[in-house]
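Please go over the structures that come below.
You will see two complexes here that share chain A, one where it goes with chain B and one where it goes with chain C.
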Partner chain A sequence: MLRGVGLRKVFKTGLFGGKRIVAVDGVSIEIEEGETVALVGESGSGKSTLGRILLMLIRPDEGKVFFDGIDLTKLRGKELKRVRIKMQLIPQNPEEALDPRWRIYDSIAEPLRIHKLVDKSEEEDRILELVKAVGLKEEHLTRYPWQLSGGELQRAVIARALALNPRFIVCDEPTSMLDLSTQASIVRLLMKFQKMFGISYLFITHDLELAKVVADRILIMRSGKIVARRVESPS
Partner chain B sequence: MLKVEELRVHFRTEFGVVRAVDGVSFEVERGEKFTLIGESGSGKSVLAQSILRLLPKNAYVSGRIIFEGRNLLELGEEEMRRIRGRKIAWIPQSQSSLNPVLTVGLQCAEPVMEHFKTDKKSALLKVARMFEFFGMGRGRISDYPHQFSGGMRQRVLVAMGISADPEFLIADEPTKGLDASKRKNIAELFEKIDKTMLIITHDLEFAERVSDRIAVMYCGEVVEISPAKEFFREPLHPYSKGLLESLPSRGLKPIIGFQPSMINPPSGCRFRERCEFAKKICERAPPESIVDGRIVRCWMYAERGWA
Partner chain C sequence: MEVVAFRMGIFRNTLCTLGLGIIVFIALMGLLAPIIAGDPYKTNMSERLKPPSLKHLFGTDQLGRDVYSRIVWGARTTLLVALTISIISMTVGCLLGAIAGYFGGIVDDVIGRIIDTFLAIPELVFNIALVGIFCVAYGTSIWNVILAVVVTNWVSYARVMRSIVLSLKEREFVICEKALGAGDWYILLRHVIPNALGPIIVLATLNMGNVIMTISSLGFLGLGVQPPTPEWGQMINAGKNYITTAPWLTFFPGLFIALSVLGFNLLGEGLQEVIGRKRLVE
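Right, the complex of A and B next:
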C-alpha cells in the first residue's frame, strides 16, 4: 500500500549551510494494508524524518514515495492534498499538537473543515462519534488544551487523526510523554482502531519492548539507515 | 538517615485545596537508594521538593522531616541554605535546568565555591576530575549547555549535584525524555555513585535496576514500601500490580478508569474505584499492614475486615 524507495534527505545547517546532516540515507520501506511496522531507533537516528517523508511533510532529496501505486513526490498542491486525506500523523507531544487558543472541538473538526467533507450538522455528529470512540466525554469538547491531562490530550489528537477515516497513520512516539498506565490504554486504543478499520501504522518508538507488542514487523534505524529488520510472531 | 513522618502538603488554589501529599511516612536508611515511583500528579515531586523546602508560598506543609536529628521544617532559611547542596543535594530534571550562558564547569563548581569557600581554579579542577569519572572528558568543562546532548546534560546535572560531596541526594526523574540506551547510561552512572539517594521516577526499568527499596505513591499517599527485588517479583498492592502489568514486557494492560481529583479524593481507599478487588470495606481508609517486612496499605492484607 505504501512504499518508499531509495529515500535520502540531507539537512544543511550552520553558516551558509556549510554543515550537512544526512538524516535519512538511502532507505527503502514497505507497509502493507492493515499492517503495523515499528521503526525503532535512538533519538537522532532519523526515524521521525523518515516518517514525515512518507507523509510528504518533508520532501526527500532522492527517492520516491508510492501510495497505492501513485508517486507522491510528483504531486503538488491540490493533488497532494487529495491523497493526504488518507494519511495522518499522531505526533509525540500532545501538548504541542493542539492549538492552545482553540477548543478541543475545533481542533478535531479542523481536518473535516479543510477538506469540506461534511456540513455543519454532520460535523457535530461525526465529532461526537469520534470523541466517544477514543474514550473522551462530550464535556471535554468545550475545553482548551491546558485543561486536559496528557492522556486526554492524546485521545483528542487520535480523534482528530481518525476524523477523515485515514488508511495510513504515522504514530511518532505517541506515548513517550505519557505515564505508564496511560501508555497502555493509548496503545490498546490504537490497536483497537487498527482491527476495526484496517489502518496501516508506522509506529515510531525507541522502546523495543513496546515495538514487540504492537508491531507485525520491526525495523531498526541507526544514523539514517535501516540496519536490521525482523518479523514479530503475533502475540 | 532521613525520616519523614505524617507529611502533608496542601496547596490552596482557586478551585479548592489540592492535597498533593496526604499523610506520608517513610525512612531512608544510610547508604540505600530509595525510589519513589508513581504517575504524574501522584505527589512524588512535591514530596521531594518539600524536603529541601523549595515549595511556593501557597503550600501548607505539616508533619516532620527529620534529618540528622533535626526537623527540617522548623529550620530557618539561613540554616536551610547551609544544608541545600552541601548536605542534601537536588538533581533536577534535565530540561532547562542549566544556565545557557555559563559554562557547565562553572555551574558545577558553584556549589563547591559556595560551601567550601575555595577559589574558582581549584573548584574547576575538582569538577574536571569528576567529569572524567563520569566519562565526559575534562575538556568539556568549558563547554556550554547547548553543546551537550540530553543524556550528557543529565550527567552534568548529576555532577553538579554531587560536586559539594553531599551526604544525601534527591534525583527528580533523572531519565525523563531520554531514549533507552541513554537511560541505561544514567543507570550505570547511578550504580557508580555510592551515596544515600532518594530517587523519583516513573521509569520502572530504571527503578528496578538502581533501587534498594521502592515506595509506590498514588494520589498523595504511599500505598506500598517493599525491597526492590521482591517488589518486581511480586507487588502487593493492587495499584502496584496494575502499574507493573501496564509495562509492555508484562502485558501492556491498562488500569481501568482515571486518576481521581486531588481536590476531592475518594473516601477510604483512593484506588478503590479502579480496583478489581474492591469491596464494601474499602470505603473505609485501609490500615497499614506489614507483610514479611513490607509495608502495604490495603484491606486485603489487613488482619481483620477482609474475609
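Right, the complex of A and C next:
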C-alpha cells in the first residue's frame, strides 16, 4: 500500500549551510494494508524524519514515496491535500499536538472542516462518536488542552487523526511522554482501531520490547540507514 | 475562563495596574476634552503669560491661550496619532515578519535584509528626513508624521514576529496541521499568528511609549503636528523661548509626555510578567 524507495534527506546547518547532516540515507520501506511496522532506533537515527517523509511533511532530496501506486513526491497543493485525508500523524508529545488556544472540540472538528467532509449538522454527531470511541467524555470537549492530562490529550489527538478515516497513520513515539499505565491503554486503543478499520501503522519507538508487542515487522535504524529487519511471529 | 484568569493576573500585578491607571487617565482626558476643557484656540492678549491660578490651572501662553485646555486637547492628538501609527505598523510588521519566518528561504532573505537595512539607520534621523521629503512632495499634513514613523516602526514588530514564528513552526501542533491537510495560509492565520499575539501585545504596549516620544520629538522640532493644533511636543517648542520667565509653558507638556510614556512602559513591563507567569502555570 505504501512504499518508499531510495529515500534520502540531508539537512544543511551551520553558517552558509556548510555542515551537512544525513538524516535519512537511502532507505526503502514497504508497509502493507492493515500491517504494523515498528521503526526502532536511538534518538537522532532519523526515524522521525523518515516518518515525516512518508507523510510528505518533509520532501526527500532523493527517492520516491508511492501510496497506492501514486508517486506522492510529484504531487503539489490540492492533489496532495486530497491524499492527506488517507494518512495521518500521531506525534510524540500530546501536550504539543493541539493548538493551546483551541477547545478540544474545535481541534477534533478541524480536519472535518478543512476537508469539508461533513455538514454542520452532522459534525457534532461525528465528533461525539469519535470521542466515545477513544474513551473521552463529552465534558472534555469544551476544555482547553492545558486542562487535560497527557493520556486524555493523546486520546483527543487519536480522535482527531481518526476523524478522516485514514488508512495509514505514523505514530511517532505515541507513548514515550506518558506514564506506564497510560501507555498500555493508548497502545491497546491503537490496536483496537487497527482491527476495526484495517489501518496500517508505522510505529516509531526507541523501545524494542514495545515494538515486539505491537508490530508485525520490526525495522531497526541507525544513522539514517535500516540496519536490521525482522518479522515478528504473531503472539 | 482563560480571559478571566488573565484579567485577574493584570489587576494583581502592581506595574500593570499603575500603568493601566495612567493610560486610562490620559485616554479619558482626550475622550472628555470637549467637556472638561475650554477652547484651546481662544487667544486673549490681555492675559498673556499668566502663571498658574484657579482661573488658568496651568497658566496661559504667549498668546493668552489656556495651557490646561491645550494639554487636554493635546492628549487627544497625541493618542490618536500614536494609536494610528501603532496599528498600521503592527499590521504591516506582523504580517511581513510572520511570512518571513514561516515560509523561510528567499522570502525570508529578502524581508530579513530589508529589516536589517532599516535597523542600520538611526530612527529619529530617518524620521526627520522622511517628514521633510513628504512635506515637499505632498504638502504639510498629519499623515506625513504617521507615515514617516510607520516606515521605521514596523521593523521591530517584523523582527519579533519573525523569531516567534520561527520557533512556533517547529512546534508539533503546527506540523500536525500540515498532516491534516491544512494550507500554509490557513495555518499561518489561524494557528501561528494567534499563538504569537502574547509577546506582540507586550511589544505594542512598550512601543506606544516610543511612538509618543517620537511624535513629541518631531513636534518639538517643528516637524510634527502643525500649530495651532495643540500637541505636547510642539507646545514645548513654542514655550522654550520663555523657559526662564514662564516655565509652566514647558513644564506641563513635558510632564504629560513623561507620564504617558511611563504609563505605557509600566503596563508593558507588567504584561510581560503576567504573560510570562501564565505560561509557567500552564
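We adopt the following convention: the second predicted complex is superposed on the first by the 235 of 235 C-alpha atoms of A that agree within 3 Å, B and C clash if a C-alpha of one lies under 4 Å from a C-alpha of the other, contacts with A are read in each partner's own complex, and residues count from 1 in each chain.
Definition applied: a residue touches a chain if its C-beta (ideal position, glycine included) is under 8 Å from a C-beta of that chain, and two chains touch if they have at least 3 such contacts.
Keep in mind that this is a model prediction, so the values were computed, not measured.
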Message: Between chain B and chain C, whom does A:Leu210 touch in the aligned arrangement: first, second, both, or neither?
response: first
Message: Looking at A:Leu128, would you say it contacts chain B, chain C, both, or neither? Reply first, second, both or neither.
response: neither
- prompt: Thinking of the overlay built on chain A, is A:Ile70 touched by chain B (first), by chain C (second), by both, or by neither?
  reply: neither
Query: After lining up the shared chain so the two structures overlap, which partner does A:Met196 touch, if you call chain B first and chain C second: first, second, both or neither?
result: neither
Task: Using the superposition on chain A described above, determine whether A:Val227 touches chain B (first), chain C (second), both, or neither.
output: neither
Query: Looking at the overlay, what does A:Thr182 touch: chain B (first), chain C (second), both, or neither?
result: first
- request: For chain A, give the residues common to its interface with chain B and its interface with chain C.
  value: none
Query: Where on chain A does chain C make contact in their complex?
result: 52, 55, 57, 81, 84-85, 87-89, 91-93, 96-101, 110-111, 114-115, 144, 146, 157, 160, 164
Field: Footprint of chain B on chain A - complex, ascending
entry: 42-44, 149-151, 179-185, 187-188, 206-210, 212-213
Field: In the complex, chain C residues that touch chain A
entry: 1-2, 171-173, 175-183, 186, 191, 194-195, 282
- prompt: Which residues of chain B touch chain A in the complex?
  reply: 39-41, 149-150, 179-182, 202, 204, 242-243, 246-249, 252-255, 258-259
